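One chain, chain A, appears in both complexes that follow, with chain B as partner in the first and chain C in the second.
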Partner chain A sequence: MSALVLMAIAIIAFFIAYKTYGTFLAKELELDDSRITPAHTMNDGVDYVPAKAPVLLGHHFASIAGAAPIIGPVTAALFGWIPAFLWIVLGGIFFGAVHDFTSIVASIRHKGKSIGVIIEKNMGDTGKKLFNIFAWLTLVLVIAAFANVVANTFVAVPEAGTASLLFIAIAVFYGFVVYRNNFPVIIGTVIGVALLFLAIWVGVMFPLALSKEAWIMLMLAYVVVASLAPVWILLQPRDYLNSFLLYGLIGGAVIGLFIYNPTVELTAYGGFNTKLGWMFPVLFVTVACGAISGFHSLVASGTTAKQIDKESDAKFIGYGGMLIESTLAVVALITAIMLSQVDYNAFMVAEAGKAAPGPVALFSTGVAGFLEKLGIPFTTGKTFTSLVVSAFALTTLDTATRLGRYVFQEYFEKAAAAKGKSESAMTKFGTNPIVATLVTVVVSGWMAMGSYSAIWPVFGAANQLLAALALLAVSVWLAKLGKKNGYVKYPMFFMFAVTLTALGQLIYKNVIGGQILLSVVAIALFILAVILAIFATKTLKQATNDGKGISA
Partner chain B sequence: MILVREQDEIVAACCVPFEGGFVKELGKLDLFLSTTEMIQSTGELYQRLKNDYGHTVDIDIVDPRNQGYLFPRLIKDIIHFKVPMVQAFKTIFALKVPAVIYNGRLISSGKKQFSSKTYQYLKQELIKNNQ
Partner chain C sequence: MDTHSYYNILEERLKMNYDIEKNIMIDRLSVDLFAKLEMKHEKHFGPKSATVWRIENYEYVFVKSFEKLDNKMLENFQEFLKSAIKQFVKPNGEHMSSTITGVMIMDNVPAELEPIIRRFQFRRNFAFSLKGWAEVRLIVVDLHSNRVISNKKAKEVASFYLPVIEKKEEKQNKLLFWRKK
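Entry: the complex of A and B
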C-alpha cells in the first residue's frame, strides 16, 4: 500500500474533525467574538497585542514544533503502523487538539494568565506545589532523553556531529553579526544558511566518530556553558536559524514525500508486548507530542493567549495548530513504516554492547530519500536532517537546563523563606547558579547514559502527566462555571490512567533492568500522579457541586 | 503596516517553553534585555498610531522567525502595492530588526528607538491614504 494513502486519510480526518468536532468544542466553550479578548482589553503593544490568526498560527506552530513529534512516532512504530497511526490521528483529534484549544480558551478567560496560575487559582496552593515538584523531575527527564537521542544520532551519523559543532560556531557568529551589530536579517540569513551548507559539506568530508558516552559528556559540558551564557550569544541566534531550518525541513520532506511515494513495508501490528512494554499504556506515552503534549499548554497559555484577536481564532490556532503537528507526526511515522521490519530493527533495536542508531537517524535516512528525489545527494540530505532535528534537541537541552536551574534555586529560596533563614549554608549552596546547573546536569547525564528505549517512555509519561494536569485545570474551571466538561474530563481520566499504568510498568521494567536513577525518578512521578489523581477527583467533585446553577 | 520585532522567547524548543515573562518570574532576571527594549520601543509606536488612528490603521506585529508568514506577506504587499523594484529590494534585503514596513515599503530599519521623523512620515502617508 502507498504511504500516501495514509497521509491522505490523516489529512481528510483532520479536516473533517476541524470542521465538526472543532466547531462543536467552540460551541461548548461558548466562543463569542463580541467578548473582547485580553489582547484588546489589556493592549499595551508589548505583551498584549492583537495579532491576525495566520500571524499567530505561524508563531504558535514554531513554538510547539520540534524534535519530539518526530522522535515519538518513529519509536512507536515498533507496535506496528496501525496502532501508531490510529493514536496519532485519533489522539490528535480527541486529545491533543482539545488540550491545546481548551488551554488557550481557559487562558484567554483568565486574562491571558499561564496555566500554572490557572491551576493555582482553581486548585489552590497544593496543586501549585505538586506542579512545581513535578516540573524539576520533568526537566531532568527532558535533558536525559534528548541528550541520549542526540548522542545516538551523532554516533550513527557522525557527519551530523561535525556539522552540529560547526553550527554552534555559526550561531555565535550570526549572533555577533545580526544581534549585536544589526546586520540586515535576510543577508545575514543567506550567509548563515550558506555557512550551514558549508558545515554539512565539512561534516560529510570529516565525520567526527566518537562514542556515545563521549558525545554525552561533550553535550553536557556544552549545555553547562551554554545555559550560563547570555541568550544573545548562542540561544537566540541558533533559534533564529532553527526556525528557518524548521520550515525548510517540513517543506522539503512533504514535497519529497509526494514525489517519492513510498510503500508501507513495516508490519501492521507488532504485537501487544514489545521491547518498549505493553501497547496499553506505553504506545500512548511513546508517541508523545505527535498526539498530545502537556508542554503545549504552557505555550498556549503564554504568548498565544495574550495575542488572540478574537475568541473564534482559538479554534484555528489551538485546534488547527495541533492537527498540523499531528500531520508532521504522520510524515515522521511514514519514514519508519516504509522500512522492512529488519531495516527498522537495525535502526531501533540495540545490539549487545552497542546502542541503536535511533529514531533521528531513521527519520533522517527516510527524509534523505525524499530529498534525493528533489536532487539533493543522499548523504547531504541525511546530514542536513540529522543536523536540523539535533539542533532542535540542543535548543531544548539548553532551555531545559536553564529552567531546571531556576526551579532548583527557587526550591531552596522558598524553603529558606518558610523557615525564616535566608543565609544558611544550605540556602547559599542551593541557590548558587553553578551548583543548581551542575546538579541538574549531573542527574540528567547519569540517566542519559542508559538506553534510549528505557528513557523515552518515562519522558513521555511525564509529558502526558502534564497534559492530564492541564486538562484537569480546564475541567475544574468549566465545572466551577457549571458547564459541561466531558470533552476534557474523559481525556483527562484517560491520560491519568495511561500515565499511572505506564509509570507502574516502567518502574518494574527499570528496576529489573538495573536502571536505578531512572527508577527513582519514575517512582517519584508515580507517587505524584497518584496524589494528583486523588486530588483531581476531589477537586472536580467539589467544583461540580459548587458550579451547579452558576452560569458563565 | 508591519512592525517586525522579535518576541522575548525561544521557539523551536517544543518541550520547553521559554518565554521572557515566565523566565523573569521564575529566574528573577531579564534574559532578553535588548529584545525587551526593542519590544517597548515598537510598543510605543504601535500605541501612538492606534491612539491617533484607531481602526483606520491596520498594524501587524510580526516576529522575524515567523517566516511562514512574514516573507510571503512581504512579497504579497510588494506586488499588491506595486512597489518599485529598488524599493522592493530594499524592503527584502535591507530589513533589520526592528523594522516598520508600510504598504510594502521599508520605512524604518534597525533603529532601536523610532524617531519622530518615522512617525511624521507614517502620519502623512496615513492621511494621504485615508483621504
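Entry: the complex of A and C
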C-alpha cells in the first residue's frame, strides 16, 4: 500500500474534524467575537498585542513544533503502524487539538493568564506548588531525553556532528557581525545560510566520530554556555538561521515524499507487549507531542492567548495548529513504516554493547531518500536533515535549561520569602543562576547517559501528565461556570489513566533495570500525579455541585 | 527655521517613543533637551515571570544649541558624550547596547569642522561585549541650509534630525524605527 494513502486519510480526517468537531467545540465554548479579547482590553504594546490569525498561527506553531512530533511517532511504530497511526489521528483530533484549543480559550477568559495561574485560581495554592515541582522534574527529563537522542544521532550520523559544531560557530559569527557590527541583515542572512550549506559539506567530508558519552558531555557544556550567554550572541542568530533550514526541510521533504511515493513495509500490528512495554499505556506516552502535548498549554496560555485578535481565531490557531503538528507526525511515521521490520530494528533496537542509532537517524535516512528524488545526494540529505532536527532539539535543550534554572531559583526564593530567611546560605546557593543551571544540567546529564528507550517514555509520561493537568484546569473552570465539560473531562481521565499506568510500569522497569535516578524521578511524578488527581477530583466534584457561575 | 521651532518639531518627533526632559544640567553641561529610550525584548514561557531570555537596548539623546562652534567646543562636546557612557550605561548580563546620541544645533556649521565631525567615532565594549556595548552618534544640525552632518554611526538616523523632512525620508524613518523594534 502506498504511504500516501495514509497521508491522504490523515489530512482528510483532520479537515473534516476541523470543520465539524472544531465547530462543535467552538459552540460549546460559546466563542463570541463581540466579546473583546485581552489583546485589546489589556493592549500594552508589549505582551498584549492583537495579531492577525495567520501570523499568530505561524508564531504559535513555531513555538509548539519541535523534534518531539518526529521522535515520538518513529519510536511508537514499534507497536505497528496501525496503532501508531490511529493514535496520531484520533488522539490529535479528540485530545491534542481539544487540549490546545480549550487552553487558549480558558486563558482568554482569564485575561490571558497562563495555565499555572488558572490552576492556582481554580485549584488553589497547593495545586500551583505541586505544579511547579512537577515542572522542574519535567524540564530535567526534557533535557535528558533530547540530549540522549541528539547524542545517538551524532554517533549514527557523525557528519551531522561536525556540521552542528560548525553551525554553532557560524551562529556566533553571525551574531557578532550583524548585531554587534551592524552588517546588513539581508546580506548577512545570505552569507549565513551559504555558510550553513558549507558546514554540511565539511561535515560530509570530515565526519567527527565521538562516543555517545562524549557527545552528551559536549552538548551539556554547550547548553550551560548557551543558557548563560547573551541571546544575541548565540541563541537568536542560531534560531534565525535554523528557520531557513526548517523551511528547506519541510518543503523538500513534502515534495520529495510525493515524488518518492513510499510503500508501507513495516508490520501493521507489532503486538500488545513489545520491547517498549505494553501498548496501553506506552504507545500513548511514546507518541507524545504527535497527538497531545502538555507543553502546548504553556505556550497557548502564556503567549498566544495574549495576542488573539478575536475569540473565533482560537479555533484556527489552537485546534488547527495542533492538527498541523499531527500532520508532521504522520510524515515522521511514514519515514519509519516505509522500512522493513529488519531495517527498522537496525535503527531502533540496541544491540549488545551498542546504542541504537535512534529515531532522528531513521527520520533523516527516510527524508534523505525523499530528497534524493529531488537530486540531492543521499549523504548530504541525511546530514542536512539530522542537522535540522538536532538543531531544533538543541533549541529545546537551551529553553528547558533556562526554564529549569528559573523554576529552581524561584523555589528557593519563595521558600526563603515564606520563612523570612532571604540571606541564608541555602537561599544564596539556590538562587545563584550558575548553581541553578549546573544542578539542572548535572541531574539531566546523569539521566541522559542511560538508554533512550528508558528515558523517552518517562519524558512522554511527564508531558502527558502536564496535558492532563491542563485539561483538568479547563474541566474545573467549565464546571464552575455550570457548562458541559465532557469533551475535556473524559480526555483528562484517559490521560491520567495513561500517565499513572505508564509511570507505574516504568518505575518497575527502571528499578529492575538499575536506572536509579530515572526511577526516583518517575516515583516523584507518580506521587505528584496521584495527589493532583485526588485533589482535582474533589475540586471537580465541588465545582460541579456548586455550579456557580464565575465571571471569566 | 529658528532654533525654537526646531526644538518644538524635534520634541514632537521624539515624544512618541522617548521620555523627555528639558533644560537640565548633566555633568556640568546645560542640556536643552534630554531624551531616553528603553527597549526591552523578552521571551516568556508560561507566566511572565518565567523569562527565557531578555535583551535591553537603550538610547540617550542630548540636544544642545550653539550660537557658534569651533574645534575646542566640538571636542568638549565629544568628551561629554564619551563621559555620558560612564554615567548612564549600566552593563549587565541582559544589556545588549546603549547609544549616546549628541545633537548640536546651529545656524551655520563651519565647513572646516565637517570632516572632524564625520571622522568621529567612539565605541566601548563591556566584558568583551558579553555585557553589551555602547556607541556614540554625533549629529550637527545646520538649520540655515536644512542639512545634517553626522559621524558614520549616526548616518542611520541622520534624516530624522533634518529640520524639514521630505515625504520619502519620513517614510524611511518610520520604517527604520519599526525595523529596529
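Here is the rule we go by: the second predicted complex is superposed on the first by the 542 of 552 C-alpha atoms of A that agree within 3 Å, B and C clash if a C-alpha of one lies under 4 Å from a C-alpha of the other, contacts with A are read in each partner's own complex, and residues count from 1 in each chain.
As a working rule, contacts are C-beta pairs under 8 Å (C-beta built on N, C-alpha and C of every residue); 3 or more make two chains touch, one makes a residue touch a chain.
Bear in mind that the values here come from a model prediction, so they are computed numbers and not experimental data.
Student: When the two structures are superposed on chain A, do chain B and chain C clash or fit side by side?
Tutor: clash
Student: Between chain B (first) and chain C (second), which does A:49 come into contact with in this model arrangement: first, second, both, or neither?
Tutor: first
Student: Under the stated touch criterion, which partner chain does A:65 make contact with: chain B (first), chain C (second), both, or neither?
Tutor: A:65: touches chain B, not chain C.
Student: Considering only touches as defined above, state whether A:233 meets chain B (first), chain C (second), both or neither.
Tutor: A:233: touches chain C, not chain B.
Student: Does chain B (first) or chain C (second) touch A:299, or do both, or does neither?
Tutor: The answer is both, since A:299 touches chain B and chain C.
Student: May I ask you to decide whether A:154 touches chain B, chain C, both, or neither, giving the answer as first, second, both or neither?
Tutor: After superposing on A, A:154 lies clear of both chain B and chain C.
Student: Once the two complexes are aligned on chain A, which partner has more residues of chain A within touching range, chain B or chain C?
Tutor: Higher number of touched chain A residues: B.
Student: Which residues would you name on chain A as touching chain B in one complex and chain C in the other?
Tutor: In the superposed arrangement, which is not itself an observed complex, chain A uses residues 47, 114, 179, 182, 230-232, 235, 298-299, 302-303, 399, 402-403, 406-407, 410 for both chain B and chain C.
Student: Quick one: in the complex, what on chain B touches chain A?
Tutor: That would be residues 6-7, 9-19, 21-23, 26-27, 31-32, 34-35, 39-40, 42-47, 50, 60-70, 92-97, 109-110 of chain B.
Student: Can you list the chain C residues touching chain A in their complex?
Tutor: Residues 44-53, 55, 93-94, 96, 129-133, 156.
Student: Over in the complex, which chain A residues touch chain C? Could you list them?
Tutor: Touch list, chain A to chain C: 47, 113-117, 176, 179-180, 182, 228-233, 235, 298-299, 301-303, 399, 402-403, 406-407, 410.
Student: Tell me, which parts of chain A touch chain B in their complex?
Tutor: It comes out as residues 43-47, 49, 51-52, 54-55, 57-59, 61-69, 114, 139, 142, 146, 179, 182-187, 230-232, 235-236, 239-240, 242-244, 246-247, 289, 293, 295, 298-299, 302-303, 392, 395-396, 398-400, 402-403, 405-407, 409-410, 463.
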